[in-house]
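Should a chain be cited, it is by its letter among A, B, C, D, E and F, assigned in written order, with residues numbered from 1 in that chain.
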Amino acid sequence: MSKLFQVNRETDPIWREIRHETEQQILGEPLLASFLHAVVLRHDTLEESLSLHLAQKLGAPVLGEIVLNEILQEALTSNRTVGAAIRDDLEAIRERDPACDRYSLPLLYFKGFHAISTYRVAHYLWEQGRSELALYLQNRCSEVFGVDIHPAARIGSGILVDHATGLVIGETAVVGDNVSMLHEVTLGGTGKDTGDRHPKVGSGVLIGAGAKILGNVTIGDCAKIGAGSVVLADVPSHCTVAGVPARRVGTCGDQPSRDMDHRISGYEFD
Amino acid sequence: MSKLFQVNRETDPIWREIRHETEQQILGEPLLASFLHAVVLRHDTLEESLSLHLAQKLGAPVLGEIVLNEILQEALTSNRTVGAAIRDDLEAIRERDPACDRYSLPLLYFKGFHAISTYRVAHYLWEQGRSELALYLQNRCSEVFGVDIHPAARIGSGILVDHATGLVIGETAVVGDNVSMLHEVTLGGTGKDTGDRHPKVGSGVLIGAGAKILGNVTIGDCAKIGAGSVVLADVPSHCTVAGVPARRVGTCGDQPSRDMDHRISGYEFD
Amino acid sequence: MSKLFQVNRETDPIWREIRHETEQQILGEPLLASFLHAVVLRHDTLEESLSLHLAQKLGAPVLGEIVLNEILQEALTSNRTVGAAIRDDLEAIRERDPACDRYSLPLLYFKGFHAISTYRVAHYLWEQGRSELALYLQNRCSEVFGVDIHPAARIGSGILVDHATGLVIGETAVVGDNVSMLHEVTLGGTGKDTGDRHPKVGSGVLIGAGAKILGNVTIGDCAKIGAGSVVLADVPSHCTVAGVPARRVGTCGDQPSRDMDHRISGYEFD
Amino acid sequence: MSKLFQVNRETDPIWREIRHETEQQILGEPLLASFLHAVVLRHDTLEESLSLHLAQKLGAPVLGEIVLNEILQEALTSNRTVGAAIRDDLEAIRERDPACDRYSLPLLYFKGFHAISTYRVAHYLWEQGRSELALYLQNRCSEVFGVDIHPAARIGSGILVDHATGLVIGETAVVGDNVSMLHEVTLGGTGKDTGDRHPKVGSGVLIGAGAKILGNVTIGDCAKIGAGSVVLADVPSHCTVAGVPARRVGTCGDQPSRDMDHRISGYEFD
Amino acid sequence: MSKLFQVNRETDPIWREIRHETEQQILGEPLLASFLHAVVLRHDTLEESLSLHLAQKLGAPVLGEIVLNEILQEALTSNRTVGAAIRDDLEAIRERDPACDRYSLPLLYFKGFHAISTYRVAHYLWEQGRSELALYLQNRCSEVFGVDIHPAARIGSGILVDHATGLVIGETAVVGDNVSMLHEVTLGGTGKDTGDRHPKVGSGVLIGAGAKILGNVTIGDCAKIGAGSVVLADVPSHCTVAGVPARRVGTCGDQPSRDMDHRISGYEFD
Amino acid sequence: MSKLFQVNRETDPIWREIRHETEQQILGEPLLASFLHAVVLRHDTLEESLSLHLAQKLGAPVLGEIVLNEILQEALTSNRTVGAAIRDDLEAIRERDPACDRYSLPLLYFKGFHAISTYRVAHYLWEQGRSELALYLQNRCSEVFGVDIHPAARIGSGILVDHATGLVIGETAVVGDNVSMLHEVTLGGTGKDTGDRHPKVGSGVLIGAGAKILGNVTIGDCAKIGAGSVVLADVPSHCTVAGVPARRVGTCGDQPSRDMDHRISGYEFD
């Protein structure tokens, strides 16, 4: 297994930081010391660490931990894009989630990061023509993390999926870079015909908890979708929409996904 | 254990097709070959296959796989209705879900089909007076699939539950035939008194993702409930409702559950 | 491990009742007899019973059942508040959930009670400075029960979390006593800055399924938040709000959390 | 799976007795009640009971419990011989082992009976040409019970293998009916050439603990091999041999395997 | 559960030493750090530590780890004798086994100590009239450790069972204090009648690997039984016997069990 | 992890043969197809295959499969000696065991090969100063395979351990090349003092089932130790010894370990 695209330990600042953080924690909680060592400290790269951690969560009698670990490692190191994406995801979570003050938290404990990383592997397998294995992983991801992402969907990097339970992303959906999605977000299809039928979400978009975006609609860059909204139509860039059905309620600045500001002007209680 | 109501392998076209599909897949993915053989190819009937698959997912130290398998098989072959219902469910999913181009996909990988089938077993046990076991299975179904259906609920056949996470169906709910429900749909009760307090959903109804229908209200045949809607009142047949609270927004044709058209007229973004 | 704060078997009417209920059930279902004995009948206190049951659900190779059981027992018996809270929770569920006619049902089978009890343990660990272990438990709770409660949140007693899947409660949220929350409720933050950014929910509040309350807003005592509502602003006491965004739709009486009346005046379908 | 050769519950006195014994025990030990119910009381036949029990012991991720149970059941009911043999084995143990006062003890707890029964299944598979599966079972039997019997060996009925650990029986060995073998007995080969190279043991033979019988030698009917003996030559019928190497030390009567008398005349300490 | 008979941490020199040894090891092997912490360092008493360790080895779906741990703890602290015996066993191993330079080695890694301790628990249960549970534990001990000791046997303290695999001790056997037994030793019965039929082994006896002692014979104090011997008759005190059948080959001094000298005068190769 | 010493797939005839054998078997037994693929066919080297297989057998919550697999791989590829030794072992088994007509049988199913390979890893760890991990592996090997080899022992290559249960090899034992040992062989110590106290076994030696060799004695090259013998003194080269105690009974030719001839002249029954 060639690992051409693994970032070196010395030159990977996120991995160096994760190791540093873990060294701090390991002394204080002996019950988790071997776990932290096995998942983090004994590895040279983030990819090895993440593979092992996911393989232990997703392993089952059907497909055991060791073989799954090898498949995950192969996928995570298969090209530059994947490695960059998971690092961008970690950066995104650290920056945007105030409850996250360490890179190691999402790596170790955040279902959203685990689920998106699993999707990245399933997507790789799908692209390689291993659809049965990809669908198997999609099912495991849905059972273990409560997140259902079709392996054919295309998702960019710098993605924050916070809390994650209930997230659904359909087969022909496309998600840009630096998007933040909360739990129970749906990028769903409409109609029973095959073909392009899921949303196209631009970059920098913030999608609030429970929002449903349905059909082959386009969400422009840096748009903001209010929590609980139902979106059945295109949303222009830098536009804030909210409500059931979603209506335009304002414009938004640079990258709402980075601000994580879920307030909607006009939503104040009178 | 008499299995009077099992469909014969030769005369069951769905089962024949599932076996055919699996024979195609098994060659391409050796890591899953034994899984596909054990779940599908070594069985004579769909009921045996489904029992084994669910037993392996729901088995736990409290109630091991072998005994659970026997209980599942007994329930699935107990009468004509159950066997017909799971076949209708498979047909419904294959027909209505564009991401599903094989009968074997829901059998193997779709949580919604797994959860509804588990409910069908729990309902059988409830009817037999084995309420403790039925409640145990409800809990396992909620833990493993994220779907909480009370075993006393009455649900017809030809049901599509897509993505499934978060589905809740209460004790006195009734659901007709050929209904499509997306994830996070709630058919919930209202009030704290026992008695009939959950929705009655007709046939051919489509309920969009995240819709909450609460109380002993009637949803007429072939109605359509928009995603994210909150329904606290009766909905006439062939009526489309949407919004929080749900308002009538149009009428709908034959069986919206079959079209899976989640668009709502008037929900386009201006 | 001193267990100063465990209620004695003779003087704990709920525990006595749970034992009595279980003795009735155990004869009818031999497949669950040892389970019911091990979880309920062989224990002197509710705390021992609940610890064992949760430890068997949350145990994993990282942290095995026996050690986890000891941690759970220590937390549940650490002070009077915790023991009182879980009893109030059981009372609340029994009183308010018509599908629950026995105290033993939530103890044995309700994910909501299991998740809130797990939170109570994680919160204790967080307060003791064992944050790594608390975050580990939060993750297990999210994986097993689909419920994500930050261990730093502060939650009162007499809490009913019905169905539970998808519940999210953030780091600086505060929840009063006698609150009822349905599944998919979010008490979420807004913005990316640390600090106080989650809702403060008073006592006696009822929050309907799928409602999202976001930001450092105050929900007054005995308010009622309609299902599927999105609340981004303060809600006065005894006020009923509903909609996306939530608007005031009425007032409500004593403690809506106790009535579990999800009907909203004005939400009838015309 | 036709089960032509299963003995009916009403007409199988051993099975009726086992059920009766178990009903007596189940009341006294609630921690084992569900185990006793699942292994014994819920079955109509001894074959079903034994299959389930062995499948739970020998199941592994490679070959799960449910499929293994089906294979075991098929083998145990494949012909009259197997069913008769396991009943004769149970009779033999009950009659000859003073520590065994119930038929249910070997069924539930005796490794020797479990190992011989596993061999009977592996032998059936070997005869059916499923050698890979037979060798897999041989390995599992050796790992779980410490008993290594080649599936091609031919072993009669009414066999007592007491304590069992370390028993080795080679590929071309033959064992008659009503033989008693203690733990650490070896019926081993000699030489490196394939072909008939293991002992042929007659009926009614008693082989003491740790005895090694090596090569294609014949042990006549009703012979007695002293504990710890090494036998490299034929032993006539009704002959007692002992020592390293084994020498004739006496004659023995009817069936030494039934008397279990391990005393050797001349072995008294002076 | 009253724990009257647990030795206090401060006043138990062996436990203090084990904790000290473990503190030394834990730094050097992070992969085992949590194991060492969970098994040793987080406990106040040897009994708690040993219970947890054995429960994790012997736990199974039939009887889970937590409940088994409680049963083990109850038995190990039930009276002064048991606690004293396991400490004497540890002393014996440390003193007599040159490969053992730490008390923590047998506690953590020696099957012989694990098996004898399991017997001590099964014997307690047998004495309490819980024979079904005792027989279940005997079976687990035989499967996991390859050691088959009937729970009714009576065994003293200061016992070294080195390597352990294959050890068999029958129902009416009695073993004194300060006995050393190697692997594959049998204290077996003879005849098929119930009643007193197993060896009575005095104190200070050394029994070499593979020795078989059969029948209700008496092995006097401080006797020495050569490896591979077969003993069918009484052996006087301070007497060395060896051979098949065993013959007197010398006398032996103080306590051969303490010297572990397996040499036999006259056994030198000419 | 540098893998300098792995033999290349193209240039490793044993590995090529194992792959070829497995390809033949995989078609006939679909239930084992994924197992055979995962253990054999998806690997480039024997070392990878063996690591995975042993890790799945020896993995436990204390030390999970993935990390154990890495440790095993590191040890098996650490130097030329280990890789050569396991290949010589496979050759030895194939050549000398008539029941073994394929290299893949010992790799997949023979406890003796699994145990010796585990020892080779434990010995490597011991040499690296990781004694705690080495002792942990020794214990796992004893529990799972019933084979107890001290990691400090020194064992050559071309070793056949047939059937394996009960094998014991002590701390200061040395075993040469091309040795065949049957089950229940002991290379044990004598005395309670540390230091050199175990046998030194030359090359080409055959040790029959159940033989006990005790103390710091020398077994010369190409000696043959009869089954069940007890050896307490040096044995010259090319010498056959047998009995309790072992006496010289003849001479033996080239390499008795290769002939596997367990017959002893003079041991015929008169």
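To be clear about the criterion, contacts are C-beta pairs under 8 Å (C-beta built on N, C-alpha and C of every residue); 3 or more make two chains touch, one makes a residue touch a chain.
Model, not experiment: these values are computed from the prediction.
K.L.:
When you check each chain against chain D and chain E, which touch both of them?
P.N.:
A, B, C, F
K.L.:
Using residue numbers, check each pair in D-F, B-E or C-D against D-E and return the one sharing over half of the contact pairs.
P.N.:
D-F
K.L.:
Applying the document's contact definition, name the chain pair with more C-beta pairs in contact, A-F or A-D.
P.N.:
Looking at contacts between chains, A-F has the larger number.
K.L.:
With centres defined as the mean C-alpha position, give me the chain A-chain E separation in Å.
P.N.:
54
K.L.:
Let me have the rounded angstrom distance from the C-alpha centre of chain B over to the C-alpha centre of chain D, please.
P.N.:
Roughly 48 Å separates the two chain centres.
K.L.:
Taking the mean of the C-alpha atoms as each chain's centre, how many Å separate chain A from chain C?
P.N.:
So the centroids are 28 Å from each other.
K.L.:
Listing for chain E: what residues touch at least two other chains?
P.N.:
Residues 31-32, 35, 38, 42, 56, 61, 64, 67, 146, 165-166, 184, 210, 228-229, 244 of chain E each touch two or more of the other chains.
K.L.:
Edges wherever two chains touch, nodes for the chains themselves; is that graph a line, a ring, a star, complete, or other here?
P.N.:
complete
K.L.:
Name, in rising order, each residue of chain A that touches chain F in their complex.
P.N.:
38, 42, 52, 55-56, 59, 64-67, 69
K.L.:
Could you pull out which chain D residues touch chain F in their complex?
P.N.:
The touching residues are 61-63, 67, 130, 132-133, 135-136, 138-139, 142-143, 146, 148, 150, 165-166, 168, 170-171, 184, 186, 188-195, 197, 210, 212, 214-215, 228-235, 241, 244-248.
K.L.:
Where on chain D does chain C make contact in their complex?
P.N.:
That would be residues 26, 30-35, 37-38, 41-42 of chain D.
K.L.:
Name, in rising order, each residue of chain B that touches chain A in their complex.
P.N.:
Interface residues on the chain B side: 25, 28-29, 31-32, 35, 56-57, 95-99, 101, 105, 108-111, 144-146, 163-166, 182-184, 208-210, 226-229, 242-244, 258-264, 266-270.
K.L.:
Where on chain F does chain C make contact in their complex?
P.N.:
Chain F reaches chain C through residues 61, 64.
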